[in-house]
Amino acid sequence: MSGSSIGRAFRVTTAGESHGPANVVIVDGCPPGIALSVEDLRADLQRRRPGQSRLVSQRQEEDEPEILSGVFEGRTTGTPIAVLVRNTDARSKDYDEIWELYRPGHADYTYDAKYGLRDPRGGGRSSARETVSRVAAGAIAKRVLAEAFGGRVTGYVKQIGDVVAHVEDPSAIDESRVERLPDGTPNLVRCPDPEAAARMVALVDAVRRDLDSIGGVAEVVATGVPAGLGEPVFDRLKADLGKALFSIPAVMGVETGSGFACATMRGSAHNDVFLPARQAPSAGQVPVLATETNRHGGMLGGISSGMPIVMRAAVKPTSSLARPQSSANVRGQAVTLRTKGRHDPCLLPRFVPVAEAMVALVLADHWLRWQGQRGHGRP
Amino acid sequence: MSGSSIGRAFRVTTAGESHGPANVVIVDGCPPGIALSVEDLRADLQRRRPGQSRLVSQRQEEDEPEILSGVFEGRTTGTPIAVLVRNTDARSKDYDEIWELYRPGHADYTYDAKYGLRDPRGGGRSSARETVSRVAAGAIAKRVLAEAFGGRVTGYVKQIGDVVAHVEDPSAIDESRVERLPDGTPNLVRCPDPEAAARMVALVDAVRRDLDSIGGVAEVVATGVPAGLGEPVFDRLKADLGKALFSIPAVMGVETGSGFACATMRGSAHNDVFLPARQAPSAGQVPVLATETNRHGGMLGGISSGMPIVMRAAVKPTSSLARPQSSANVRGQAVTLRTKGRHDPCLLPRFVPVAEAMVALVLADHWLRWQGQRGHGRP
Amino acid sequence: MSGSSIGRAFRVTTAGESHGPANVVIVDGCPPGIALSVEDLRADLQRRRPGQSRLVSQRQEEDEPEILSGVFEGRTTGTPIAVLVRNTDARSKDYDEIWELYRPGHADYTYDAKYGLRDPRGGGRSSARETVSRVAAGAIAKRVLAEAFGGRVTGYVKQIGDVVAHVEDPSAIDESRVERLPDGTPNLVRCPDPEAAARMVALVDAVRRDLDSIGGVAEVVATGVPAGLGEPVFDRLKADLGKALFSIPAVMGVETGSGFACATMRGSAHNDVFLPARQAPSAGQVPVLATETNRHGGMLGGISSGMPIVMRAAVKPTSSLARPQSSANVRGQAVTLRTKGRHDPCLLPRFVPVAEAMVALVLADHWLRWQGQRGHGRP
Amino acid sequence: MSGSSIGRAFRVTTAGESHGPANVVIVDGCPPGIALSVEDLRADLQRRRPGQSRLVSQRQEEDEPEILSGVFEGRTTGTPIAVLVRNTDARSKDYDEIWELYRPGHADYTYDAKYGLRDPRGGGRSSARETVSRVAAGAIAKRVLAEAFGGRVTGYVKQIGDVVAHVEDPSAIDESRVERLPDGTPNLVRCPDPEAAARMVALVDAVRRDLDSIGGVAEVVATGVPAGLGEPVFDRLKADLGKALFSIPAVMGVETGSGFACATMRGSAHNDVFLPARQAPSAGQVPVLATETNRHGGMLGGISSGMPIVMRAAVKPTSSLARPQSSANVRGQAVTLRTKGRHDPCLLPRFVPVAEAMVALVLADHWLRWQGQRGHGRP
């Protein structure tokens, strides 16, 4: 019950702390026969890795995954896939001081309140280090989506501070534009609008020099998803996607489609009109439809509509600051603290692969859940 | 797997369609010995009921609950509590036309895509009629919160269209201000700012006359919640609250605390400072702390901090419109349709008790989950 | 968490007490498009009904089911199916005495120990009255098995006291032999060996006259089940079948295939030899195999083998006796009690449809779970 | 959904194949503050280890566990505990032949039928190698039981072939008698009746010389368990214990208390009489009661009664035989095969720690589940 699993048909369970020996993830329910190698995991793990640029945490981790089970001769066998990632640069010699303190914006106090004790080294289980397991599992989910229906999940940075990217068509962004600038150099902030990207880099650099941090918004788009994924009522696809994104550290808000902008809209302007089908359905079959616009974010009644699925998450500025902050200690006394660890001045660039992973996990889960419930045409 | 259950320790399962014989909900896991009567359910069901004012759907339903099990001599027994609510005003004689059509913004098309068939009467399972079960379960959850730790959940309308309520302190709003205006008359839009409420009423009236609909934002606050509820990683309290709110029909976005506004903030301005404890903790105990501000929305690391829990949900304008709309039918052909049923020009007033119910369910669930995991002080 | 749900893909949740207003069951996950009517439920409910013969409890219940949701125009829609069965002959006027006492073999004491209180009327939730919900759900599961793969589940009484039925081939027994004797009269004990059935009837009559009760063994066979249902490790098909049968009141033991007799056997005598396939498999396909014998009970490695699935359950003698028994009361004092209620001198005849239902539920669940995990031939 | 998790509050998830790099288990939900070290795991792993005597498989595995997470300075933190056990003696060079064949009594055929492919090396996921993870998790569960209520779980061999141990009082057996003979030498068959143990050793030796195998029965007793663990209806304690034992490879039957012997008993002889309490309960409290006899096996209505919990499991003779057997291959053709691998002539001695682990897991799970549901005295 301690909440380290997600998904029902494609079930992901993680374990590991920031400064323990390793992080490990078990993916139970991956269908058999999917081509999968350690290379598939490595790519996304590198995108999430600390130390990849000056804009992110300088902790040095290889993040080299080892597949322990569930794969035989390059194909999944249908049995649980366990992936191990060792922690190598875990500097935890002097955590005595941290153990005494409750850092603002961190989980130190709430873990103590819940458990009566905590592993203080680098934030323990509450550290974003744990997302290494999510990204490994997400890479497996992406393989499932690709083989099952040609699905693809792409994330990018939409906003940092007051710099907002201009994105004409979210479903047209591909990973190359997220990872590289037009000149071929690395896109440090993973924003597909090159002009905004440059301003974001400048902003993050300025914030870093101020010993401060800054928030932002990421957008994730899933394309190629057929109509029919998701459940009525509680396990709506948007609900499970919402939960998945809210489960990432630092997320303060999640939107789909029109999002909070819907509050000021009228129904006549918000409804997305169904277009006539390009071809008539076979007898007893359901037509393949598209809508003219996509304010509904690719889901209606909690079930995918066949249009691109569009999600956004607001990410707060990093709570760890190199500047002094007031707080309280375990005896309830006032203290002043300054975070010494290595941290990201802006979480967004490394947030992107984590958000993609979470979206991919939910889609793989709902795809598999659907297989036992499928209808076979209208009566 | 078809998604009609929520919660793990306090588990709620619903069944029922808009125009079937009844809606029923089973709450499994309610602790024994909680005082509970049908009156406790009736109050919230009346707040959700259609026909309560000119601003909402004119469907006439008594929504009279019957407790079928789990209560003996006015106290819960620890066994499942089933509640039955009959549908009485289900006009479904002529649904043939609807069966042929895919209404914009509704789940007609996605249900067909998923299941190959659907119950077309009033939207079937996708209708918000199903939330009657959630409100009944939520009323039970509220009793649990009250008896377990004096917790209280209060929701209200924060925004309709461009009318935004001014709320000084969300945790100070109580139900009387939401249900009644200062002059004692019913607060038709459930907005605790009387001036904004008047403008919201005028706006909804205008929209209704235009045969249109309008969106908005509701805010839900939980007070009295001790620090310690929630889980690390996937079942973070904010993640489960996010899922619960996203599972309500028409929700397009969910926020906690600073929400999307965090994107433009710096860490030095966003972090909430812990105040010194009012009294030193006993030996080995964790101090009771508060923060100076509550941008974190009452949760840190996914676990409640003891500060008020603040959630917001953006609700789209009703998709059903009495004006003509373009769409497609089951053969993929272009059609024009006009919704004849009884519907709400603005969902927000009746959304409030549903949102409260979902927040209460999640809190009751996490409270119970915590009981087996509690620590007993710092070592 | 209070344990009133079973199944993951075909999920059954029950509520209701012996003497409350009603029992209700929600089946979530039934595939769409299955033909289902109230008649399908009625047949098995009649077989479970008290008052059907002099050998069973004389409580009078119509056990008339009402389908509240999930079925439209005679077909399942894929949404939850709720079934309501009212309790009509619940005589609970004078339960004060019972509330004070802990009956031997009953759950009075353990419920008090767990919950601190209990509904004493007729045993409350611990009464076998609750199995009415299981039988209703089982009837739905049987429809799924029949439509999905022509599967059939048949149970019968194998033993009462020291009378053991001779059954040449368990998979050849059909319901007509269980329900009727060769002369067309009702088979009161549901034993397909007529000679043993007659001796069982005489035994139960004798036991009843002695104000006593007697135990027995039921056997349940599932035929037509293809190879491939079940999971490795914890959710082995035999494990889930074992749990399902052990969840029925009064079951003290469960066997599959050779059962406890395997303890004295050698591997060379126990192994079931695979026979050559009747026809060669297509390229890349797995052959359809049978074994010469079926000591493995139709499951290998926890997965169905294609051979008939054979389960047995040992059922203790009814704990309620009309003769005086020593016990203790809620103050821990010695008392003598005599059960006045209406009870079965032998549980086996009415146990058969309940056991069938539990086996059917598990098979439907595993069938649906499998659909997302299927392989498509050997590489 | 692929079935590699068990438990709800104390949730265990395993991964790993016989000849892959490692087995790994994640225990999620272990309460914080429990003393736990790698030594606690090592003891039971050594009892399960192959190569420990001439009576068991000669595969050489160190089975050295590494705790990867969830423990800090010798105490559990409440976060998931991951344990890694490397496979070191995995000889899988020449599995091509095995891949072609379906061994009798093994899961080769059913895995192919389910998944379309399988990892043939040493049986892959279907190998009992996987139980190494269960034993590691069980050792953690035993620590929880000991700290929570002084509970203890002890298993032993009750029968091998026709040699049945005489055990006066199952609850009086402690591990020393299971592990050592009166003369201090190792008790190779883990039977606490020394005379029977000697005959069992002789029998297993004889069977081994015959290139054959033999079945048996193990008994597991849990003492110190308070009344109140378990749930009504589906998650009865006996149902979850039944499932847990049936989930172990080779189990063909499970009993509790009187077991199958109940079939021939009358209620007047089977009921266990409650004895008066040794001391009167405090006002509003439930008395602590015992029964004169324990035919009910320590559970009534699916909930623990406070008496010792007694379970038995029948284990089939090992399917792998060094003698030739007839079977079929992947093309459905008749073949003769002879198992070359290292296997146990009798599974019982190594089965004991696995059965203990499963019982301990279920008890820890139900203990934790109960904490949110506890009543606080009779009203």
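All chains are identified by letter, namely A, B, C and D, in their written order; residue positions are counted from 1 within each chain.
Here is the rule we go by: contacts are C-beta pairs under 8 Å (C-beta built on N, C-alpha and C of every residue); 3 or more make two chains touch, one makes a residue touch a chain.
This one's a predicted model, so the numbers in the text were calculated from it and none came from an experiment.
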Measuring between mean CA coordinates, which chain is farthest from subunit D?
-> B
Which chain pair is joined by more contacting C-beta pairs, B-C or A-C?
-> B-C
Round to the nearest whole Å and give the separation of the Cα centres of subunit A and subunit C.
-> 45
For subunit B and subunit C, let me know how many angstrom lie between their CA-based centres, rounded off.
-> 39
Which parts of subunit D, given as residue numbers and ranges, touch two or more other chains?
-> 1-5, 8-9, 14, 29, 32-33, 75, 78-79, 114-117, 125, 232, 368-370, 372-376, 379
Among line, ring, star, complete and other, the chain contact graph is complete
Residue ranges of subunit B in contact with subunit C within the complex | 1-5, 8-9, 11, 13-17, 20-24, 26, 28-30, 32-33, 66-70, 72, 75, 77-82, 84, 114-119, 121, 124-125, 368
Complex interface listing, subunit A residues touching subunit C = 8-9, 29, 31-33, 75, 78-79, 232, 367-376, 379
